[in-house]
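Data block below; observations after.
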Amino acid sequence: MWKFIVRRLVITFPQIILLSLLVFLMAEMMPGDALSGLLDPNIDPAAIEEQRIKLGLNDPWHIKYADWVAGLVQGDLGQSFKFKMPVTELIEQRLVNSFWLGVATLIFTYLIAIPLGITSGRYNDTWADQMITGYTYIGFATPLFIFALVVLWIFGFQLQWFPTSGSVEPGMVPGTFEYVLSKIQHLLLPSLSLALITTVNTVQYLRSEIIDTKQKDFIITARAKGASESRVYNRHILRNSLLPIAAFFGFEITGLIGGTVFVEQIFGYPGMGQLFLESVVGRDYSVVTSVVLLFGIASILGALISDIILSLVDPRIRIK
Amino acid sequence: MSKEMLEIKNLKTSFRIKDNYYAAVDDVTLTLNKNEILGIVGESGSGKSALAFSVMGLHNRAKIEGNILFKEHDIANISPSKLNKLRGEAMAMIFQDPLTALNPLMIVGEQISETLILHKKEMSQKQRKEKVIDLLNKVGIPMPEHVYGQYPHELSGGMRQRIIIAIAIANKPELLIADEPTTALDVTIQAQILDLIKTLKDDIDAGIILITHDLGVVAEMADRVAVMYAGQIVEIADVHTLFDNPLHPYTRSLLNSVPNTQEGQEELHVIQGIVPSLSKLPREGCRFAARIPWIDDSAHEENPVMHEVAPGHFVRCTCHNHFHFPDESKEDSTHGIS
Amino acid sequence: MGFLDVEDLKVYFPIKGGLFNRTLGNVKAVDGVSFSIEEGKTYGLVGESGSGKTTTGRAIIGLNDITAGKVSFEGKDLTSKKSKTSAVRKDIQMIFQDPYSSLNPRKRVLDIVAEPLRNYEKLSKQAEKQRVGELLEMVGLSPESILKYPHEFSGGQRQRIGVARTIALKPKLIIADEPVSALDVSVQAQVLNFMQDIQKELNLTYLFISHDLGVVKHMCDDIGIMYKGRYVEQGTKQDIFENPQHIYTKRLVAAIPDIDPKNREAQKQFREEVQREYEHSYNDYFDNDGLAYGLQSVSDTHLVALPEKG
């Protein structure tokens, strides 16, 4: 198993390097560079050119790439010309916010998916199953951004149960209990609306896993041993069906990234997704490249986590 | 105490296909004695596995009519909790495919001890492990301590079948049902497994129902044999009578279609037509009539029942009295009325 | 020179592993197998799972790459690159084990049976239909069934559709890989009889691969017994069944269930005897790796894997 994990880790490095290269080349192809946004248009073009050479902006791409990577490694992601501050600083707070949004969403996703999936799979073709399957179809068909808008309108603006933007009430002192409470209150609505939509995949997956496992021969063996229905479900069916779901965990992370972009924008939640959209609209290229790079790395790590979990839980892979 | 330990009376097991129920097992009556192996032979679709599953109460959505009397219970009408007390304790089952009959994500030791956890609650964990090692020894697994912690995919097919047998015999059942226990195995392994089943039978003094399509396996193992065709038993007799003096046309046809290891090149007998599918089974008259069209309709009974032609030898329908193979004339047929 | 000659055939499968998935070693699925078949005869290749019998058959027809050795058919070398696409290939056809999965469920019988014809012969639609109809009649199915799909047939009928496809190109050699193991006894009888009938009619040669000694005894003239990729014994049917020499062959023969219950005791004793001999003289028949030795001849037709004398 260690061999498998080491091999899997070894594969991850070239993936990340390739990703950084792609992100860098895309940034290079975008019009303008770090100077064009900073400078007064009235400066003499010859002076600009001189400045460019001095800053290394006319160097061949591989030298620029090497410089960029050297910066990345030291935590220097460049300057945002919109916010006029280092990208690293800018991203830091957003990253923390997005992280908590992600955690909350994952918790809700599984809180919804596991009971629904189990009910639906165990009592398939009953009306409970039909209701749940109906919900998943609606979930598949509903665009996230419309659903989020409706949720925001009803619970945020009409009922006013939840705040409608931000990640914390202004004026709170970090570290206090009220501060944490306010943070959680701001998280609830966006994470819940994201989870309600994205969880339908997991519900369906769990349902079909259970229906599949239910018909396996070893379930008959378990019944023939005299195991009661509840024991058959708890010891054999659920255990075997939940393992693939656990392995799916890493891919959930990847899926989350796309969702947060919409949800953060709609709920005015200051996270990475919102930053991404803002900087795309504002042509803040150094921020866009950094965010894309981080999203990419998160996806690669998500896949890595999935594979590692799978190798840990499935003895058929573990042995090799 | 009577020798009979299991009595099946007029069993009918039906499955629902769309809006109709179709009987996969129809009007089956038989008994099993203590320390006896009853072979049930038939081809696919004959209902032999459905019969086994009915006795174990493993059919989820089937309609079961008739009686299955075992230890003061009628399994055809039993509560789930009582059934669970019987299964794994007083009756157990060995399955056809050792590849799929074990949970791939559980070590085999755990899978064997589950039967003990369910029925021997007083055992401590240590006692249980000792008992499992003992069982692994008994079914001939080398290095039982090591195998205890292995997963099914790490074992060969023969070894896995031994694990299944260990699960079945863990609580010394009185009734053991073996459903094609060696079909998925190589011949040399088959011989070993059959041998093991015989040894264990004497050891735990169980009655065994051995379900197979292989006449050779029956000839070697069984004390009595029931032949099934299209959901019904067509002939039942002790093993010597059945092989020496088979009466029902189906039994005779089946025996003639086996490549005989004794003689050589002669043409094998072919049964005309095909085994009808569940929804197309004839519901009236002799179910085998369509496969022996050269026999006159008048030879068959209108509602074929079992006739006791000799003590303990039962045959369904009267057509066996007039049966002959198409390539032999009526006079050649030595069986029947004289 | 025989009709089909297999000389020192080796088929190895690499084992991948380690950090960089390098080739660590080989599984010797077939390890130095030689035999030849005479025209019009049936040659049985017997062994248990993992013996390499199926791989041997597949290597001959080109479905598995040959690591070393030579296969020649009517004197033509099949292992050379050139012959891979040549017309020799259409003279050798294969019947597969499982009639349920070897026919494409979405194709009509017409398309299934006509497929080899379309690959090798250019026929008009009308002529093709005619030929397929004739082939179906030959295997005992009504020519009207050409427009049906495989699921409309029983197992035995499906296997006959498979045979119709196999004989479409009038092959000379048919490799039958466990053709009846998935079938019920009565259906098995049907297919075996029919295979013998068309053998006479078309002067076919069979390489009959099976684990079932009863069926092999019924069908075959000569038999080879394989164990772990090697031959342990080869001979005529009489050699193998009446005078088995290798302990593995004896064990295999002893393991066949006897269909007469009267012989039960005798069979049991015979089996115990063989088992004792097997345990006692294991080292005389297998080398340190548990593999069979090279073949030594004990009579004109009979070869047994024994250690070299002296």
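For clarity, chains are labelled A, B and C in written order, and residue numbers in each chain start from 1.
Quick note on the criterion: a residue touches a chain if its C-beta (ideal position, glycine included) is under 8 Å from a C-beta of that chain, and two chains touch if they have at least 3 such contacts.
Everything numeric in this text was worked out from a predicted model, so none of it was measured.
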Longest centre-to-centre distance from chain C, chain (CA-based): A
Pair joined by more contacting C-beta pairs (A-B or B-C): B-C
Centroid spacing, where centroids are CA-atom means, of chain A and chain B in whole angstrom: 55
Centre distance in Å when chain B and chain C are each reduced to the mean of their C-alpha atoms: 31
Residue numbers of chain A (touch at least two other chains): none
Interfacial residue positions of chain C with respect to chain B in the complex: 48-49, 154, 156-157, 184-190, 192-193, 196, 211-215, 217-219, 237, 241, 251-252, 254-262, 264, 267, 271
Chain A - residues contacting chain B, complex: 216-218, 220-229, 231, 235-236, 239-240, 243, 313-316, 319
Interface residues, chain B side, partner chain C - complex: 43-44, 157, 186-191, 194, 213-217, 219-220, 222, 239-240, 243-244, 253-255, 257-261, 264-265, 267-271, 274-275
Contacting residues of chain B [partner chain A, same complex]: 56, 58, 80-81, 84-89, 92-93, 95, 97, 100-106, 111, 114-115, 118-119, 151, 153-154, 164, 167-168
